[in-house]
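Some structures are shown below for you to check.
In the two complexes that follow, chain A is the common piece, with chain B as its partner first and chain C second.
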Partner chain A sequence: MLKLALRRFGAMVLIMAVVSFLLFLIFESDKLAVAGKVLGPYSSIEQRELWLEKEGYNRPFLVRYGEWVADALRGDFGQSIRFKAPVSDLLWPRLANTAILAGLVFALMIPLSLTLGVLAGMREGSLLDRLLSFLSIGTTSIPEFASAAFLVALFVFELRWLPGTSSMTGGFDWRQLVLPVAVLVLYDFGYVARMTRASMAEVMTSPYIRTAVLKGLPRHRVILGHALRNALIAPFTVIVLQLNWLLSGVIVVEVFFAYKGFGALLYEAAMFGDIYLIEACTMVAVFVAVFSQFLSDVGYTLLNPRIRFAREGG
Partner chain B sequence: MAVRGRRDRSEALPLLAAALRSLGVLRESPVAMAGAAILLFWLAMAVLAPLLPLADPNLPLEPLRPPLSVSADGTATFWLGTDIKGRDVLSRLIWGARRVLVWAGLATLAAYLVGIAMGLVAGYRGGWWDEILSFVANLLLSFPVMVLYIVVITRIGASPLNIVLAVTFASAPAIMRIVRGLVLDLRTRDYVLAARARGEGALWIMLVELLPNARGPLLVDACLRMGYTTIALATLGFLGLGLPPPDPDWGAMIAETQPMGAFAGHAMVFPALAVSSLVLGFNLLADGLREISLRD
Partner chain C sequence: MAKGNDGRRIHPGVRRMTAQLAAGRCDRREFLRTVTLLGVSAPAAYAMAGRILGQRLVDPLQAAQDAPRRGGILRVSMPVPEIKDPATFDWTEKSNCVRHMVEYLTYTGPDNVTRPYLAERWEASDDLTQWTFHLRRGITWHNGDPFDAEDVVFNFTRWLDPATGSSNQGLFAAMTEEYDTGEKNEDGSPKMGRRMRSGAIEKLDDYTVRLNLSRPVLSIPENLFNYPTAIVHRDFEKNGGDLLAWPVGTGPYTIADFAVGEKCILKRVDRPYWGEALEDPFIGGPIYLDEIHYYDHGAASAAQLAAFASGQVDMTFEVGKDSLQMAQSVPGAVLYEVTTAQTGVMRMQVDKKPFDDPRVRKAVQLCCNAEVYPELVYLGRGTVGEHHHVAPIHPEYFPLPRFEPDVAEARRLLAEAGYAEGLELTIDVGNTNGPWQQQVCEIFREQLAPAGIRLAINVMPAPQYWEIWDKTPFGFTSWTHRPLGTMVLSLGYRCGVPWNETRYCNKAFDEALDAAESTLDVEERRRLMERVERILRDDAVIVQPLWQPKFTVASEKVKGFRAHPTQYHLFHRVWIDA
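Up next, the complex of A and B:
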């Protein structure tokens, strides 16, 4: 078990190292372009040369890369060109805002999709089961910006119940969170519910459930005591991996509703060509994605006794 | 060589017949039929766009007219209204279908060519080939998709070709994983051993023995992936990173309209409906095809 976790951890570090190298290569191998970005389009070549010399850009590429990694590991990502502030000062508040959004999405999506998935999987082919697969195909077909358009047209333009932007300029307001959270939950819950349903349906046909039913256990005890434990292993990994998908959706939703989160920051940085900010945001995004992969791999092994014991035995 | 030539000719016709039969198979699943119907509708719109009696999609007429309104001179009806620049929404929707179908198709095709090549080599050759290709795939899959799109496109610019490239980067690794998994299973079959015993080369075995036998799951995935690519293209359009204006793009249509508020609700809802229905068509067809393949 420990060996597996260590190996996965090693793979994670390797991926992060290669990604960081590629990013640095893509964005900082052209030194003059970096200087042009930082000093602005009207700076002269001499000014750029001077700046490069002063900032130590004329040292070998690998030395610069090493220094960049060392700084980044200490939490220093340099200065944002657009916002004229240290990248780390921008990053953390934005990440906190996105964490609030993502936390609410998970808090709603997990109970909703697990309940629906388990109920549908308990009786394959029942009315609820067919309704759920219909609903989940529907909701996963509507991209985030489209469902945001529908919800805004209905709740903002027609009914005038909710605000159409979520910039929180006048302090925290829960009403501004309703639509962004709803859009993300709508897009994500269908997939998790379907996975839960498939897992539950598979467990329900297994011999040990038949045994439990045949020995006369009441139905609720078969479900709660026997089926659920095993049926929820697969959804666990799906939910953790959902973090990766959520990050893509978060960008669209934050841009649509002008929410001051991490996704909007990454988008603004990329559109503006704010090199150091793009590098930092991309590294954070990849870290979240790779770390959730790591958690889901290790968590799956911990939860699934069949794999756990097979590995320890072998 | 003579043996090979004969095989090719005798297989060309049955292949065509099989393609036609597989269309007939759709009748087994109402879900697949519904999906195919939606797709046929959009395909017909896309093909017929130049023949339909539509206004020029880029021509400004009268701004922000509501749906079903008649133009000031009484000669034209704006069935779905006009947008903030006064362009006909219906016309932009239909021409937008043409654009998204062409580029989503090309991008998915490019992703498939790269993904299949990677997957065949990784699965059949194994060893270092597999290690290296799988690592590259893992590397690309470690990016959240939209982050990869945004970083690649802001770096290389938003031209149609670059968007095809970005979609290939994002999708090929997932296709590679599927093909690799299928090949790992198929390569132990007797017909592969037989081909190897006949002295066929690796390329022949990969393309003629392995690939055709992996087509079932790949077909389902291709439908789903057309849906993903449609979403990706429209989302990029919404973010201002998509196919360049002024030609209509469903995502960009929503982004242009959104700041206008309630006056332009129709110019926002119709493109959203269009993109959702097209993706729904792909997803329904994929679901139906999977159901049919499980039944056999």
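Up next, the complex of A and C:
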């Protein structure tokens, strides 16, 4: 088990190293372009060359890369061009904002989708199952920008119940979180519910459940004591992987509602060609992606004994 | 030289304009605009026009106002960009953020009339090559220093220094000269640059400066209310050249809190504002608002409108044409529409293939049937463009004969240029001003097809477009409104000016523009503009399908607001109804 975790961790570090090298290659191999970005379109070639010399850009590429990695590991990603502030000062508050959003989405989405999935999977083909399947497929197939526009039209313009943007300019306001959270939950719960349903339905047809039922155990004990634990293994992986989806999926929602989170920051960085900010945001996004994969792999192995035996046996 | 009642000299042009207005040869707006430019105060100009026309002319704002209320915060949804150095501003939003903090020598009101601001009055020599500005006394900077001629000299010197990289170099080209930078171009020819001519600005005394121009220019007062011409303190550079780090201005407000992409919070400065004693319809009188807040909800007008609909802001920077009905449906919303000279041009770089061949450019232009664009793009609003970048609302606009699209002629020209089999073109469009730009390109693609030109539309994010706007061979660039047609032509189409995105250089055009810019008489100037417009249109460097209308929405509680054709914010007289 430890060996597996270490191997996975090694792979994670390797992926991040490769991505960071590619990132640095793409954005910083053309030195003059970097200087042009920082000093602006009206800067002269002489100004750019002076700047490059001053900032140590005339040293070999690999030396610069090594230094960049060392700085990044210390949390120093340089100065944002658009915001004229250290990247780290921007990144952490924005990540915290996105964590609030993602935390709320998880807190609502997980119980909702698991409950619905289990209810639907308990009796495959029942009216409840069909109804929930229809609902979850429906909401999942509507993209976030469409449901956001629809919810805004209804709750902001028509009913005037909720604020239309979520910049929190006057301090924290939970009302401003309602619409972004609703859009994300609406989009995502169906997917997790469908996975839970499929897993539950599969477990319900397995021999040990049949045995439990035939033994005369009450239905609720069959479900809670035997089926549920096994049925939740597959959804666990899916839920952990939603972390990754949330980090990129929130871009649309954050931009739509002008929520000052990580997704909106990444979007602005990309739009303005703010290279140092793009580099930092990409590394954070890649870290979250590989780390959630790592968690899901390790967690799945812990939860599912079959995998562990298979690996040890092989 | 004629003198007025107060003994001050009156420009002979004022008498000519008076005669023209009386004879019905110019309209009231043109009269007001020109005589105020020549140094007549705005109230006096209104009174003169009233006497001549026999109308009772009311100060435009006074009639509209009922008891204004002091206090309150005006919240506006607008993108908040980086705003370090006013001299290099290139977006209206940037100047709006600091417009109530650093001020201008003149200002052009929502009525397109230019009036005194930090300058109390000005005179022009008869040949319009010398402009003398008398600065207001008693204005102090927020740090207590008096505002005087030193500040103005410092700003002009800075704007015209090539190292600053200010677009003001083009606006005040008549104060600059070409010089040999000492470097060589790739072809070995000496590399030329532009810098301020020695003696171009003179300090006559502590409150008087004179601009000495190499050729006559009429639009100097209007040029002084362009977004990069805000006057900063003479020690601006000594203090880091950063308005945020050293927020010192002369205006009623100062920046209290600022974050790029989030907010710009302006608060009343803790000292009396000089303008409160001023009699002026747009910037004079008591200041009502305690604070002005700009919040960034992104450039998309949908998010701005959503913020407005839910009462998070009182006003938006702009309402897109697609959101007009939505905006009108919000209870208590007041929609403002303004006719502008804002536009977009599909411009071709004359030194890049295939546009280095004038026949190709002409063929492209001949495919454009501009009549259909206002209807298709703005639901019938907006004005048809004529490929010469002078708008019908400009005072010097000369109506050329209608431009007739001619696909057969376009085909012939293309064949002659060696493209008998047709031509593949790609246009870069950044939708910098909204998706209507892409829509224009799509319509144009259909209009080009019959001539055998296949147009690929390369849509890119707006900021990316601004990186290449002056580099791409074929691109769609939006241009903001300016009160005179000659101003954009000077900025964008003269040989070698920084914003010349087409690399167009035609001495005959520059001379014709010089002649128009040096002529005061409206009729005469309009006649001269015929040649300017014709050369630009015939040289086919741009395809200009239409002029845009602009919309904004504000709550009915916002009183005293007037929409400005350049979307410049002037909130001196704005107040919030409780």
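For this structure, a couple of remarks:
Keep this in mind: the second predicted complex is superposed on the first by the 308 of 314 C-alpha atoms of A that agree within 3 Å, B and C clash if a C-alpha of one lies under 4 Å from a C-alpha of the other, contacts with A are read in each partner's own complex, and residues count from 1 in each chain.
What we mean here is this: contacts are C-beta pairs under 8 Å (C-beta built on N, C-alpha and C of every residue); 3 or more make two chains touch, one makes a residue touch a chain.
The structure displayed is predicted, hence computed values, not measured ones.
Upon superposition of the two complexes on chain A, a steric clash is found between chain B and chain C. Using the contact criterion defined above for the overlaid structures, shared-chain residue A:F157 touches chain B and also reaches chain C. Using the contact criterion defined above for the overlaid structures, shared-chain residue A:N244 touches chain B, although it does not reach chain C. Once the two complexes are overlaid on the shared chain, A:F83 sits against chain C while remaining clear of chain B.
Within the superposed three-chain model, A:N304 lies out of touch with both chain B and chain C [touch as defined at top]. In the superposed model, A:S206 lies in contact with neither chain B nor chain C. Once chain A of one complex is fitted onto chain A of the other, the partner contacts of A:E268 are limited to chain C, with no touch recorded for chain B.
When the two complexes are overlaid on their common chain A, residue A:T169 makes contact with chain C while staying clear of chain B. Looking at the shared chain after the overlay, A:V255 reaches both chain B and chain C. Listed for chain B are the stretches 23-31, 77-85 or 185-193, of which 77-85 clashes with chain C, judged after superposition on chain A.
According to the touch criterion, the shared surface of chain A, contacted by chain B in one complex and chain C in the other, consists of residues 149, 152, 156-157, 164, 255-256, 270-271, 273.
Within the complex formed with chain C, the residues of chain A that make contact are 40-43, 82-85, 149, 152, 156-157, 160, 162-165, 167, 169, 255-258, 260, 268, 270-273. Chain A contributes residues 11, 15, 18-19, 26-27, 133, 137-138, 140-147, 149-150, 152-153, 156-158, 164, 244-245, 247-249, 251-252, 255-256, 266-267, 270-271, 273, 278, 282, 285-286, 288-290, 293 to its touches with chain B in the complex. Contacts from chain B toward chain A in the complex involve residues 138-139, 142-147, 150-151, 154-155, 227, 231, 234-235, 238-240, 251, 254-255, 258, 261-262, 265, 268-269, 271-273, 275-276, 279-280, 282-284, 287.
Across the interface of their complex, chain A is touched by residues 82, 84, 88, 165, 259-263, 293, 295-298, 302-303, 305-312, 326, 329-330, 461-464, 466-467, 470, 498 of chain C.
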